[in-house]
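By letter and in written order, the chains are A, B, C and D; residue numbering begins at 1 in each of them.
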């Protein structure tokens, strides 16, 4: 039994998600990622249950573990009560802790995800903050969103929202005291430290590549190598 | 047309409804033993080329059954016809002969 | 299809949903894209049905989206959840209703993990005290807001002005339901009707006069995938999964789609736009898409709310053909007005999607 | 005086044991809850591995019980041990004092509708192995002729969520047999078997597998994950072809679920009254796993057949005969000294 496997087993999600896998493939059969990426959750579970650290390390450095969409559809189907999705989540956490996430294209996306989502949480109290959701970065949000963005305060008023205002309601301004509590939670549960590590690893990489932070963000936001796909 | 910056991903799903059965039946007429494969992997395990290239009789037969004949031909491209797989096949399939027939029917 | 067979399964998944007195927690995505849906939920439950649904401005995101994008540790998200629960307790409630499906699934998962590993629960309780000086508590009943609308579906039907019926033919509308993956796929017993044939939306549609259409990819994820959407380079995954669903439902010719997850209606709506603009393909009638609704919007429509009060002008797929089909009146001139009647201008027209 | 032996269950185990005991000169009383004798065998058409008609076997069994007092449509309402004999009250009002009891309560078929994702009882084309045997037995045909048919192994077996982690032993061979019979009836149809491991352990079973392969039946190593109905009313079936590590889909006209074996409810009812112990899988536990397989912990109470776990028919017959011998020895040692 290897050290990486031991660290994985400390994760509650792995303890809950890994019983003995019989390689039946019910997870892969309906997995959204297995259809649209080069990905087979069954094989991931099998690799982890073999407890071979060399193979686990390879996984932690690979793009493979970042393909899952965490829909957890696999959980319903497994006849052995495994949860491939939870195992993936544990692998991702370990990949971040060990720094291995920086070795794959999909893993390096962590920089931007950590930055944007947690900026929203710590500054506004939301994962998604309507005002920060920009049409330019989200053309698929449609021309109707372009209109919403342009008239966002009017639209929220019209639709019973309370955008950035006091008191309860949709997209209200969450009091600073509550945001401070979120920050304290981040500090004592390891989120602040994790975000700092992800940030430093990304900035170091940007420097290596001779890119500004903005250029680096643009790169990881848009790049998509054909190797992820099936044909 | 708008360039959204991403596009559809190809599906990996094998659609058995679309597997070309006719060609496979003509192979089976010539090589009835192709039906006897039980996917044990003895051929792949003993394959000389398989140690260096993605070569496998087992996978080639499976690809043909799944209607993926291009994959099947590719999986046999590096075969040197050494015949080790024929020696080890527990179902007595003349794999060497089978490989030649597959190349004949599916090869370009 | 044997309807009786589904009824037998529904009978086995009876979830206990208290009648009244809830602590309400909003959804990040629903607030951003469907603020009127949450407003409608509160208006129906509080003002039309006279229920006590309490909201405090002090609650926050549950952190679920950041967590499922792998950007915060499990312990962090659990402590944020504990804070939400503690607020409920502080304001004197024990029934918790949330607007978000990701939250709902995460609450179920968290409470199950706490149950299995009491030492973890203890640690979270300590974290909560250290960070917020709040007393740890757990809800007695945890429901999703769609569970509540399901519970009140008959009362809503009794107050309805319209039915989900084609006014010209008298035929029930053909409705596709889409359930958020985290509603019951992890814990089938936590969802009305279980995981394979959830009844929560079916029950609403049936009560309001529509007919449910089952199709092969009904259970398939909309393709949100958290990081698979937030990063532009990954969005092919998200698009491809929705595309797969629409290709599968197309032969069934649905009139509309109803959803209970806040993200799914956004994706099912917007990916139709992308498919139309890139492939020239549309799934509704005459170049239109299939309109996608939240359950609050559908409840609002049958109860006679003005479609523009429900925020249907912020959908990309136009809803007018469906409103015409049901016979719901709307004023086109008011579609793009602000609160005080100020004209906000019109969005650009898509090139392909009508 | 002849000793009374009560046999509970009129399936293959109960019938064969009754026949042997009656030939040995015992007064055998057999109680069967169903209208007709034969248990699941009476509902089957042909048997693996050689497709012997089930009726032939059943007729042979019935020939052997001419001297047995058979009560059909009869439940055991109550049973208890008095001193060293058993007192049983049957639902037909008859009370029996028996010196030994053979429990041959067999198995119940796993309720396939519990695997909700397969849609049994919801999607029209989904049926079970038992339904398929009935179709064969009644000589019915599917019309129009199916273009594609699938067989799903391990339905409610090797499945912790379905409450049955164990293998039901007979389903692989049954699936392969039914697949061959289907292919014989509809040679143009594509026939698929979805399996996890092919457990063709018995004599001639592997031959059956080879025969199926030669007939062109396609074996896909992957458990079916979900089934849905298409707009044409056909079945869309999804699995992973684990040998090529890719998801697979196929449209079928019929899908046959190999429902596994669960402990018999009626058997449990008797077991509870006598405090018989069951193992984690719900089947009765023998006194030990090797030398006293037919004995329960209760003196005078014996087991035969699938009430102690999934069995093939030959296994069941061996058990029935050895149970009869154990009973004979027990009576001789305890009642004839």
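One rule holds in what follows: a contact is a pair of C-beta atoms (placed from the backbone, for glycine too) under 8 Å apart; a residue touches a chain by one contact, two chains touch by 3 or more.
Only a predicted model underlies this, so the values are computations on that prediction, with no experimental measurement involved.
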item	value
Result of counting contacting C-beta pairs for A-C and C-D, higher pair	A-C
Where chain C and chain D are represented by their mean Cα positions, the distance between them in whole Å	46
Mean-CA-position distance for chain C and chain A (Å)	22
Chain B and chain D: spacing of chain centres that average the CA atoms, whole Å	39
Between chain D and chain A, distance of the C-alpha-averaged centres to the nearest whole Å	49
Multi-partner residues of chain A (each touching 2 or more other chains)	30, 34-37, 76, 140, 222, 224
Touching two or more other chains - residue numbers and ranges from chain C	195-196, 219, 232-237, 239-240, 244, 274
Residue numbers of chain B (touch at least two other chains)	2, 4-6, 9, 11-13
Pairwise touch network: line, ring, star, complete, or other	complete
In the complex with chain A, residue positions of chain C that touch it	26, 28-33, 35-36, 38-40, 43, 55-61, 63-66, 68-76, 79-80, 83, 105, 113, 116-117, 120, 127, 130-132, 181-182, 185-186, 188, 195-196, 219-221, 223-228, 230-241, 244, 269-271, 273-274, 308-309, 311, 313-316, 336-339, 342, 344-350
Complex contacts: residues of chain B adjacent to chain D	12-17, 21, 25, 28, 32, 35-39, 58-59, 62-63, 65-66, 91
Chain C residues touching chain B - in the complex, by the definition given at the top	232-237, 239-240, 243-244, 274, 277-278, 351
Residue ranges of chain D touching chain A (in the complex, touch as defined)	117, 154, 158-162, 196, 221-226, 238-242, 245-248
Residues of chain B that touch chain C when the two form their complex	1-2, 4-9, 11
